[in-house]
């Protein structure tokens, strides 16, 4: 029981790391980035490439791979999303186009990775990060990578939440989400803020990807898609664009899935996320944690 | 005039025009195709991309290796096999389209795709066109009954259950739990219908089976669940990255018992788990160190062609499927090769006791002798390579 | 280009021959106007006269084809993106106020001071804002969307002030407000003026606008039909009839078209 | 002679044509809602429901036509119920909800072993379907979609997509139109699934998964979502391309992915728009020769 609780917290942390970037992009820029999962796997792939032959140590690898993931997402923003935002004034058309671009990008990134890895699962060698398990009495225990994931998730979640709430850039992001035109009139370079946001979103996916690459036995291209679908449930339950909502619902969903796997019919695990999406959208479409909604002018 | 009504009509007209245009190039369709001047055209509808592309690419490599060997050895006289690859994209509709194009072409035989849905949907097309279809990985029980032109060369887990059960019992393991991919047709049926009763019969207590969707990657909660009750062994009937992921999760959560699995752990799937996967055993068609002469020959050929890679079962399957075909052709003499002659050749080959392939002595089993069976081998994974534990014998499983 | 080359220190904004077209529709046709430094210039005109298009074109916040020239303190601004124009010291208080509703009043103000890198300066400006518009201090922590229309207009002014502008453009500041609030808004405009900013304001409510303006232009169908000091324009009989005294009728006439 | 060559060409390409027609129906099911501004991908879930219903009834001994009709009726009912539930949702939220619905159908199909055969799916379905009924259905769907694109109904859809509040003020009962488009989409998806199952004799839960959602969306976007002709073009291309792109081999999906990025960014009207522009080119050139300035007028970008 205690062990399962630990498992759920670790899994929730993984989901938090993964879904925050997605929430950021959707909440502020209306980009439902289906390439987020592919970018996440891409970071794992970079980790694998950096560590498999050389002896690059963990921290530089983490930084390089996260930056690479951020760069890929930034490239997507600069090549496609920005153009779409400027040229398709109808918001609905822009959203659809950006969604489609991200589907295409997911395919492209996935194909490149699977070619480079000969379609097989990949993982950094054990030497990249040696995993130890600490016993907490009885059969209960936790490994160092699990601790690292939980700590990283807490740091990232708090930093992002506070950053969005309290900093100049955070205010610009929130204003941009509500009304880009006025935001720009106030002297905010919305193109730069959007680019920075997408870079951050990608880098967060990258951070999650590196940690997971080490934590899991092996990643493959499909791994990203699985997390993506769960992350959608997290955004819907938490309320799109709400950082706190995303964090809380990541742990809730982790708890729910862990409970189903541990004590219920585990083959229905995938159903948990999909069912939550449906139920939430029907009962409370704005999500659990959405604050007062203001009609956009 | 409503212009919108014209559009569908224009489409029909367009189809008709296209029909006239493209018909000139294609050859006559019908059951008795004949290859022109010494070439033997065959088509492999392969999963080059998509879900099982990791399998498809390897089968293709093995098949190409066999074609090169057969064409250069003069095994078929002056006649040369010409292999076309058609990508099924691991998708039923694309697979059927490709298969339809293949049976329409002058191919004298076709090789079918791996996913069971693809295999089941494409086989009737081959059967109707009366062209021999050698399925490469399809384990579905409904596959062979589709018709007398349908063959398969498949590393079937069913065939290897006895090897694994016997080894689990031999190691003195008293109990086991099995986790299986609940959305994989073959593995879920395999686990509940065959593995569990056979293990029980061999005196191994099956403490439980757990199904998980094959999309799962984070297994810590499942590992905790599996460990409870301290089973002496845990069996993994899962595909792809789930193998190394489960091994990693189990070992990191402190499980010390034996972990065994099935053939999808081959082809380097365990590499990501590193040394945590040491001691993991499973059964396959082929492994690099098989002692048979024909296996050594394949291994050598493969190494020459791909010096940096390790040959695995999927490569061997592709090679063997092509070898089976070539043997059938050679048994029908040196005349022109037709679809009919390929079928006759296959039947003769089945009656004459099969052939020697990458996996060793290979025979035709099943009620109509259309199930091509290799001896198989039980291997243990250790330090990044498969090591032979026990050699199998062809046709080990119960006759279907 | 370091921008504001002060070739004519008396002119805050010089617009020549501004034309704005949306596809085939010309919204502004060859408009020229001048905002002298330290003045309040009112552009008057009925609905559809091209006022908002002019403002948005000057602020760089429009997707349309724009021709002509506009020089802000001597530096050309047409064609620059909105945030660059804002960086040069000109800020637009947009039509309908456009406060960022989910952000608090204080956050809206801070957003107005987005380009102020110095925290000390930001605090000074904030204090100034609170002094000019005490309501913004009282309601600092409530979401801007919950303010009344008049309060939102104060917030929009305060937000503009936070950027420490040299020129403020105002697009219909009195629109949709109760008459008593209109007076308050005009007082606020005067207060901003006294503080030292030049102001270019477009208004339908000509009577109120002329009370605070120093100069005025009258715009009709995208063209300037009359210009001069506020007193001159206010006393022009044609203007008085068409745009001031008989404004309601003019509107009614247009609606009937 | 022409007839003989058509029939021989047809005989050789029957499977290709069948697949194109089935995918066209699926693409229509996505296009019809997208065009009305309803971002629903529920058609793929109904593809699964339709294929299972028709296949299971047929295996129970029902005749062909009643099996398909029953599947359609079930889909109309379920589609209407789903529309009632989901009609409040807009845009990405609706897309998300319908994707969740599709995947949920897959999860249920995998795990409700007693009814659906579980992961093994349904095999050995009698092969009772021919090309003609599918062809006629597809043509019927094109006529229907053509009708929906014209006249009052078409303009209403357009209005709902472009500006729903405005459409409301024009006294267009937007929710009724949204419902209508949604149910049509479900039925088209259902028919595609049912035909597929009966044509190829096998259905597995994975047949209507995330990949099919992406494929259907790709067809509509690559072809062009504003018209059924675009969806058809997409279906033809994506079914036929793998046959032609054998040299691309394992890079096939990379080509698709790249194409989607390029089209969605630079050509939101899809290849159909490009094709139309190409067809207009001679006329425009003539215009250019006569009066160069008049071209600018037609060159305005559409909003």
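Note that the chains are named A, B, C and D in the order they appear, and that numbering of residues resets to 1 at the start of each chain.
To be clear about the criterion, contacts are C-beta pairs under 8 Å (C-beta built on N, C-alpha and C of every residue); 3 or more make two chains touch, one makes a residue touch a chain.
A quick note: this is a predicted structure, and the numbers were derived from the prediction, not measured.
Student: Moving only to chains each one touches, count the minimum steps from subunit B until you reach subunit C.
Tutor: Contact-graph shortest path, subunit B to subunit C, evaluates to 2.
Student: Using each chain's Cα centroid, which is most distant from the centroid of subunit C?
Tutor: The most remote chain is B.
Student: If you average the CA atoms of subunit B and of subunit D, how far apart do the two points sit, in angstrom?
Tutor: Here subunit B and subunit D have centroids separated by 33 Å.
Student: Approximately how many whole Å separate the CA-defined centres of subunit C and subunit D?
Tutor: Centres of subunit C and subunit D (C-alpha means) sit 50 Å apart.
Student: Counting only Cα atoms for the centres, state how far subunit A is from subunit B in Å.
Tutor: 36
Student: Give the residues of subunit D touching no fewer than two other chains, as numbers and ranges.
Tutor: Residues 107, 110-111, 250, 253.
Student: Where in subunit A do residues touch at least two different other chains?
Tutor: 89, 111, 225, 265, 267, 270
Student: Could you pull out the residues of subunit C that touch at least 2 other chains?
Tutor: Counting only residues that touch two or more other chains, subunit C contributes none.
Student: If we count contacts the way the header does, which residues on subunit A are in touch with subunit C in the complex?
Tutor: 89, 168, 171-172, 174-175, 178-179, 181-191, 291-292, 294, 297
Student: Given the complex with subunit B, which residues does subunit A contribute to the contact?
Tutor: Residues of subunit A touching subunit B: 3-4, 7-8, 10-11, 14, 111, 114, 118-123, 125-126, 131, 133, 135, 139, 141, 143, 146, 212, 216-220, 222-223, 225-227, 257-258, 261-262, 265-267, 269-270.
Student: Taking the complex as given, what residues does subunit B use to touch subunit D?
Tutor: 2, 4-5, 7-8, 11-12, 15-16, 18-20, 22-24, 26, 28-29, 48-51, 53, 57, 84-87, 89, 91-94, 96-101, 104, 116-117, 120-121, 124-125, 140, 142, 182-185, 188-189, 213
Student: If you look only at subunit D, which of its residues touch subunit A in the complex?
Tutor: By the definition above, subunit D touches subunit A via 34, 37, 39, 85-86, 88-89, 91-93, 95-97, 99-101, 103-104, 107-108, 110-111, 161-162, 210, 214, 217-218, 221, 225, 250-251, 253-254, 256-261, 263-266, 268, 301, 303.
Student: Under the definition above, what is the set of subunit B residues touching subunit A in their complex?
Tutor: The contact residues of subunit B facing subunit A are 49, 51, 53-54, 57, 182-183, 210-213, 215-218, 220-222, 224-225, 227, 240-241, 243-249, 252-254, 267-269, 271-276.
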